[in-house]
Each structure stands twice: as C-alpha cells, then as structure tokens.
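Taking it in order: structure first as structure tokens, then the write-up.
By letter and in written order, the chains are A, B, C and D; residue numbering begins at 1 in each of them.
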Amino acid sequence: MDRVQIAVVGAGTAGPELASLAEEVGKLLAERGATLVCGGLGGVMEAAARGAREAGGTTIGILPGESRTDANPWIEHAVATGIGHARNLAVAASAEAVIAVGGEWGTASEIALARKLGRPVVLVGPAPAIEGVSSRSRRCK
Amino acid sequence: MDRVQIAVVGAGTAGPELASLAEEVGKLLAERGATLVCGGLGGVMEAAARGAREAGGTTIGILPGESRTDANPWIEHAVATGIGHARNLAVAASAEAVIAVGGEWGTASEIALARKLGRPVVLVGPAPAIEGVSSRSRRCK
Amino acid sequence: MDRVQIAVVGAGTAGPELASLAEEVGKLLAERGATLVCGGLGGVMEAAARGAREAGGTTIGILPGESRTDANPWIEHAVATGIGHARNLAVAASAEAVIAVGGEWGTASEIALARKLGRPVVLVGPAPAIEGVSSRSRRCK
Amino acid sequence: MDRVQIAVVGAGTAGPELASLAEEVGKLLAERGATLVCGGLGGVMEAAARGAREAGGTTIGILPGESRTDANPWIEHAVATGIGHARNLAVAASAEAVIAVGGEWGTASEIALARKLGRPVVLVGPAPAIEGVSSRSRRCK
C-alpha cells in the first residue's frame, strides 16, 4: 500500500464529453501519485483508466465477472470478483475517496455504499441520468 | 415459490413513527398474501417483519453476518450470507418490488441496486435522512 | 426462526441413484421438522427439495443468479443473491449443519466453507467425483 | 493486465518452516515476472508477499474486510472486498493458477473454487492440517 487509492465510478458507456471528463480525472489522479481504482469495464471506467495510464499512473480494475479478460485495456491489475453487482462494495471499500463522473443506478449504488462506509464522495460532470427521474428533479440537488 | 416476495428496506434503527409505518406496510403485505423479504436486523426491518408475522404472513431475513442468530425475532426464515453490505444486492434481487420506509445510505444502496436490476421501488414515509445533505435539498426531490 | 435449518449440498446434475438418495435425505429432514436449505438449482438440490416438499416440509433455495425464476419447482422461498459461486458461503452459513450428497468441486467448496464456519458436515453417498483425482485416491478417505 | 497473476493461498498463521516455503514461492514467482495475488492477511499470505516484494515483484491483496489497513505490509495493491470469506472466490478467479502452501479449511475452499473455475491448482508443502481429519487419511491423498 505504497499509495493512496481513489475510485472513479460512472456508467459503462460514455459519450465523448463524459469520456473526456473521466480521462481528465484519471490523468489528474495519476499526476498526483494516486492509484486509480475502478470497476474495470468500459465507458467512464475505461476513459478514467486510460487517462491515468497515459499519465504514467497505476490502475486497478475490480470486475464483476469471473475472468480478468473482461477488463478494459488500460487496467494494469485486474481483480475478478465473480460476485456481479456486489463488486460495487469492493470498489467503494478499496478507495480512500470516490469520484463519480456522471452515472446511472449502478453508480448511485457505489456512491451510497461509499457513504455507508464513510468514504468521501465527489460528483463531477452532469447529474446522474437516472431513468424515470425527471431532469427538473435532478436539477434541484 | 408459492407467493410474491416484496422487500421492505429501511434503517436499522427507527423511532416510533417510522416503526409504526413499517409495521403497517408489513401487515398490508401479509394480508395480500405476499412474503416479506428484508435485511433481517432491527429498526424498520424488525417493525415490518413484526407487522407481517402478526398478520399471519411469512418473513425472510437476509442477514449480512455469518449467523442466523442475528435475525430479529419476527424472522421466520433467516439466510446468513456472510457478505456484509453486499447482502443488499440479495435483498433487492429476491423481491419482485422494493418498498423503502425512510432510510439512510444503506437503504439508498438497496434502492439503487433494485433499480439496476429493474425492480420497481416505492418510497414511503419521510425522505431519507442522509447525513451531509441538507433538508432543503431533500425537499426538492 | 421457528425451526432448525439444514443444508443439503451436491452437484447440479444427478443420476437416478444419487437423486433417489438426495430425495430420501430431504424427506427425512422434513419428517423431523427441519427446514431444508440448498442452492436452489437442479440435480441433488432439486431432488432433496422435492423429497422435503412431498413430505410436507419447507424449502429455501439460495441462488447464484439475480432472479428467483432460476429456482427449481420445489423451492418454497427463493433468495436470489446475485453473487455467483460466492452464494456457497450463504448456503453453509444459513444452516446448523450441512449434508453433502455426492458432489463435485462446488460441493467441496461448500463443505470447506461450512467447516471454516464451524458447521458440522456429513457426507452421504459416493465419494465426490472430482475430475483429475483418481478413484484410488478417493477410496482412501 | 501486463503480467500473469498467480495466487498463493494458505493459512493466516504459519510456523517458520511453512513461512519459509511460502516466501520462496513468492520469490520465485516474482523472479519469473508474475504478479502475486493473495488474501492479503498474515501467515502464508504475508510470507509469500514478502518473498515477492523483496525480489522486486508486485503483490495484490484481496481482503475480506472493508478496510485496506488490514493488509500485511508487503501488499502493494490492496482490494478491500467487504464480503468476508466470499472473497476466496475473488482470489481464485483473479489468478491464472493457484498455489496452495499448506492450509486449512479456508484454503480448501479456495482450492475447490479455483477448480470449479477451471484454474490449475498446485499443492506444495505438507498436506492441509484439517481439524478432525486424521493424518492417516491425509497421507492417502
């Protein structure tokens, strides 16, 4: 445990704007010497990991499935948990703080579990696009 | 699987008002022939289970620990998962729908996981009392 | 928690002899008033649950997937854990004792986890048919 | 995923002989460029991680608890799963192969889960010292 570990969480698919934001977050974490922890798959997870690796950082992917080969190509150390969405707990628990870049219900569960464990959480980018919740409500937060 | 299973989620401690509400929810579910699923511990979980059992219903408690003895006295069938907060996924997945009675971060994670799995979620009672979020923000929802 | 809970573990496929043995175990447990806990799927799990239900007993299935519909038709109360093979821990933890009827590697993991938790384990039927271990070695046990 | 990941599993306490053996295994893995995966705690896990780090290797600890601070001092990247003994599945799934150095019931569960997932398993050192199983039986294997 030579370094601080920070989790970046967000949706498994990301448009160019969100991906660019996630990549920037990953880059900044790497430049500050933090290890990036994420869920290891695509979208925000992949963009953040790419940003970190291209800046010389270290990345850990905590996967839902039973095989390391599910990891995106920017994951340096892949943990295959085999426990599905329950791996969201491991993502939150393995970080000193959690940064959410956009996100949907899966991201919301990671934020809630992180707070349950007392980890600080920072939201960046657009409010989570949660199906069935109107943008008006979301703007209130 | 003779019956519909409905989860009631909420905080592990509950004042008299919230407990009374949870008990009523449990009672109504039992009267309609649904099996109550919950996290098996105290507070809202216990009050809902009491309401269900006193109305002749069946209750299943899905516990975080490794021992069935952690269950509240109104749990008829206790499953000790041994996986800590990750059991929140099992609570959500084991129900056709989830009813949240108040709640805090743990409840928020169950709501998010239930939505991730496509389960309908109903919130009753006061908005979740989430530490660090002002009541003004909460009222917006 | 009105009754003792006993787990029956074994392979997800079973020939007639093993199925008959598992069914008998389920029947005997039900006749003694124990609730049967199992992994909820086919083979030994299904045969044991059938034996228990046909004798008027109660059955709990603790499933690896995210949907209760995976349960065999003899499961009365299904818990969908969503955590894959890690649900083997929940099967072991939810029982006062574990009875293994034949079995393969999955069963072996349940036996080991049950012993780790201090639960008594009884093996009935043929020694586990473990691929890559010769029958000579198995006969030694 | 720049490197092969190999898991070393074994008991959380280890006498000098077993610790020396585990350390040697860790050292040899590091010298061949493999990343060491283990359960992150003491005994065999710590000795193997020490051997790997002292030989310039990389170590990943997959912990049962919710805090990275449980990791032994030789763990470079710690994943806190929060899922208790169910993390044994993640240890097995995260490795291309598993090497067991001695061990007890927890180790036996990791071996069984690894085989369930099709991972090759190698046993080194003394047969597992399993309480309640006579040494005569163990010698048979």
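Operating definition for what follows: a residue touches a chain if its C-beta (ideal position, glycine included) is under 8 Å from a C-beta of that chain, and two chains touch if they have at least 3 such contacts.
What you see is a predicted model, and the numbers here were worked out from it, not measured in a lab.
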- [ ] Could you see whether B-C or B-D has the larger number of C-beta contact pairs?
- [x] B-C
Task: Same or different residue numbers at the chain C/chain D copy interface, by half rule - done: same
TODO: With chain centres taken as the means of their Cα atoms, state the distance from chain B to chain C in Å.
DONE: 28
TODO: Averaged over CA atoms, how far is the centre of chain B from the centre of chain D? Could you give it in whole Å?
DONE: 37
Open item on the list: If a residue has to touch 2 or more other chains to count, which residues of chain C qualify?
Closed with: 66, 82-86, 89, 117
- [ ] Specify the contact topology among the chains shown, as one of line, ring, star, complete or other.
- [x] complete
Open item on the list: Could you list, by residue number, the parts of chain A that touch chain D in their complex?
Closed with: 1-2, 5, 35, 37, 58, 60, 62, 66-68, 71, 75-83, 86, 89-90, 93-94, 117
Task: Of all residues in chain B, those that touch chain D in their complex - done: 66, 82-86
Open item on the list: Can you tell me which positions in chain A touch chain B when the two form their complex?
Closed with: 83-86, 88-89, 104-106, 108-109, 111-113, 115-117, 130-132, 137, 140-141
